[in-house]
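In the two complexes that follow, chain A is the common piece, with chain B as its partner first and chain C second.
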Partner chain A sequence: MNTLDETTNEILELAAAHFHVPREQLSATDDFFKKLGINSLQALDLLTRLERHFHIELPDYELRDVSDFRTLAERIQSRL
Partner chain B sequence: MKSFRGKTLSWQIRDGAIELLLDRAPCNEIGLETLGELEKFASALETLETEAHALIVSSARREGFSAGADLRELYERSRPLGATERVAGVRDFLERIHRVMDALDRAPLVTIAAVHGVTFGGGFELALVCDLIIADKMARFCFPELRLGLIPGFGGIPRLKRDVGNAMVRDLLLTGRSIHATKAQSVGLVSQVVAEGDALEVARTTAAQIGKFDRGTTIAAKRFIKPLPRDELRREIELFCQLFTRPAVEASLKKFVESREALPYLP
Partner chain C sequence: MSFGTSAISAPWQNGYNPAFELSGHKVEPPRESSSPPWAPVTVSRKMLDLAQYNCLGEALRAALARWPEEICLIEADRDRENARLTYRQFEQAALPLARALEEAGFGEGSRAAIIMTNQSKWLISAFAVFFCGGILVPLDYKLSAREQIALLAHSKAEVLVAEYPLWRAITQSREFATLAVRTAITTEAPPNADLASAKRWEEFRDLREPKFVPRQRKDPACIVYSSGTTGRPKGCVLTHENYLEQCVALTSLYPFWPGVRYLSILPTNHAIDFMVGFIGPFVCGATVVHLRTLRPEYIRDAFVRYKITYMTLVPAVLKALEQNLRKRLEELSPGRRKALNALIAVNRALTRRRPRVRLSRALLKQVHAAFGGELRALFVGGAFTEPATLKFFYDLGIPVANAYGCTEAGTAITVNDLRPFRADTVGKPLPGAQVKILDPGPDGIGQVAVRGKTVMSHYLDDPEMTRDTIVDGWLMTGDLGRIDGAGHLQLFGRVRNMVVTEEGKNVYPEEIEAAFEGLAVREACVFAANYIWPTRQMTGEQLVLALHPEAHKHISTELVAEIGSRNRRLLNYKRVSGYLIWEEDFPRTASLKIKRTELAAQIREKLGREAVVPL
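Right after this comes the complex of A and B.
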């Protein structure tokens, strides 16, 4: 099973590729709304991509207070 | 009218299938203007269906199929009204949208929703009217109405109950969570999950296949398999209107419309 660091890294790789942001500009503690410049609909798009990538279901209400990549990784990690 | 281009949608006949394309920014929110054009389509359907064997409903909006009812318009229109007038206005809207949905539901041709992205609330209800749902793998389905103190009002609950088990109905309604296309397929809501951007093309291929069968048999089979849940549809309108009068609903609508939260679409 992935470590939390590995999960975080995979999220950062996926977000960088999909939202066309250089990977080196993203870090675990970044606010992904600000750093990726995304709105709530795009956040749902990111959620779908993450669910498909990790083969999990992550209820969207679990993301209500989540805005940084590391906490997002923790939520995903708990479903792996 | 064989083809039409309005402010919120358009239609045309292509290779024996009617293609109804939703196109209202930002994500096909269904308000009075869309309702008026859907009514126009429902009226035209009687003529169109003599020249086509299938109907494909899809969206031109990048964000998705439809984010559902236009809550901003609902809030702005009902805010200055008294309680009685407010419910009367909502009831009129619901009666009209139900007539459109029912006409699509029982139309004597095979109906296919080709969906992608956000397919929420009234948008999900429009997809549920169709005989088949073909979903882009990035599609998400959700009934977020309970967070507003309401239930789905465009016929969504009876139609969802018609298609899936009651446990899934409760999960979607009571949590208000959204599910991805693969999950929706696993519970029997979605007929095919396809690659990103391919839903409309796959719907066209499916419509072409359906066109090979005897039309009369197809219609007879559809009528046998897919009865209209009339009583429950009526009860849904009554329950929606009953809930809509509560002050908590106005407060929830106000909060949603004025929200600056990063995730207003999350339950």
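Right after this comes the complex of A and C.
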């Protein structure tokens, strides 16, 4: 199973590819709304990509108080 | 509103056949239908006469009896279907729950909170509550557990029905034990979950019929929180009459009938989805399709899979659909794009005076196919919608009825009747609603006030706020508007210190001030930027933190970092966009409350918007 760091890194890679941002510009503690300039619907769109990548399901409300990649990784990690 | 009774046929009436159904039953308005020879059952297409009923429980009960074999609910999650229920099955699922509530001492005037995503058990539980004569407290599943607990405490709900993960988050708080909740019921709990004293929703099987408890029209039906997760909760007490009257008004413009499919994505705790995604379709024998996610990708799939007739959405979701559609149109070859533009022009010309859905579907077949081919209208509300977006869809033959309302008014106040389509207004007052502009300026703009049978009874346990909000029977909306010569309402900003996000969320600055308590400053206060500097616009609303530094101290980089860190801990839509520095004492009342209006005026006089330092 992935470590939390590996999961975080995979999320960063996917987010960079999905939103066409250079990977090196993203870090685990970034506020993804601000850094990517996205709204909550776009964040949900990313969540769909992550669900498919990690073969898990996360309800929309799991994102209700998440805004940084690391916390998102923790939520995903708990379902792996 | 009344559109007669005729015999209709649907393939699933005598034995459900999903394959047939998904391959294309036609949803047509009653007046255009005829009864084919193979029609096995005659089904009333006439909605219930709501004047005959005193409460939602009675009306819903009558609906279940009138359309037992019609599909009332379909529950989809991502790309799979979880449940499909007829009105009869709905009743069979609800009565054991009502029986369990009755056994637990729940009855007339008792309060039950629901915290669930959009799903069939939400509506089944709500019906069980009304069946027992109870008052429903629908809470937002997207709030944090702490916020939900604050509202549970304020509402004094005795029963809590919640999805398992949400229930678990709430019960992990020590404050849960201090609540009035005596009966907790969880849905979809894993088999081995430790539920403590909570009961499993799915395990109620007592088939003895519970006693139906009728309520009067003026009795409270729901307590709906329009804001106030911290500080001063605004629990709108809405009566059975409020809902029944609102339902009559809305269905007079946009009728439902058996076979119509309404796609429900907005949380059912919101007044709008409760009305058009539950009460409205049910009293007309229509079908509600729940989608347990707001993700645009699955919304697009659901249109096609379920051949949706109506849907309500917020501007942010409408915008996402628009962006996707624009992208697909841009990918067309120049030739096909040119041909499409010509068809759009024809459609525009032919629908200038009113929508002509069949014609538009024929002209722009592929566009309509992407929406399932049966879509009659989208409803949008909850926040400002760009006229260009409304026009984009209308030109494609997909009418978007722009509406305006608030929970305090029982959902909608005005809605666009599309005759003709107007992108620059929020429509005309609904039948039965009186709208006036208070103290209009030379430009006709003033505060919008509304009166009618849909206006809430009061704010729960807050007579002072009720008196400030409902004056001589008129509800003060806090929004600025003007009524034009055609009777349409146009909005021009707010008189209240609040913002509304594109997703339709109301944010009151007082609610988020707690996040900035104890900062190394003398005083701090949060404002809606448009409250300090009115713009007469409904877009780009932002929150601003006003800081009064300690004497002879600057705003240090550490302090800015601390503000940024606390800001990030707030939910995305509650964050302040920047801060301003105010070097004078905040004006305060004798009880030391900040005089916000006065402070905003002082800031406006000395500082401009450019004084806001972005965070």
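By definition in this document, the second predicted complex is superposed on the first by the 80 of 80 C-alpha atoms of A that agree within 3 Å, B and C clash if a C-alpha of one lies under 4 Å from a C-alpha of the other, contacts with A are read in each partner's own complex, and residues count from 1 in each chain.
The working rule: contacts are C-beta pairs under 8 Å (C-beta built on N, C-alpha and C of every residue); 3 or more make two chains touch, one makes a residue touch a chain.
What you see is a predicted model; the values in this text were computed from it and never measured.
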| item | value |
| --- | --- |
| Which of chain B and chain C A:68 touches, first, second, both or neither | second |
| Chain B versus chain C as contact partner of A:44, first or second or both or neither | both |
| Partner chain(s) touched by A:52 [first = chain B, second = chain C, both, neither] | first |
| Partner chain in contact with A:19 - chain B first, chain C second, else both or neither | neither |
| Common interface residues of chain A - those touching chain B in one complex and chain C in the other | 33, 39-41, 44-45, 47-48, 57, 59-61, 64, 67 |
| Of chain A, residues touching chain C in the complex | 31, 33, 39-42, 44-45, 47-48, 57, 59-61, 64-65, 67-68 |
| Interface residues, chain A side, partner chain B - complex | 33, 39-41, 43-45, 47-49, 51-52, 57, 59-61, 63-64, 67 |
| Contact footprint of chain A on chain C as seen in their complex | 78, 117, 141-144, 165-166, 292-298, 316-317, 320, 502-503, 568, 571-573 |
| Touching residues (chain side chain B, partner chain A) in the complex | 27, 63-64, 67, 117-118, 137-138, 140, 142, 175-180, 182-183, 261-267 |
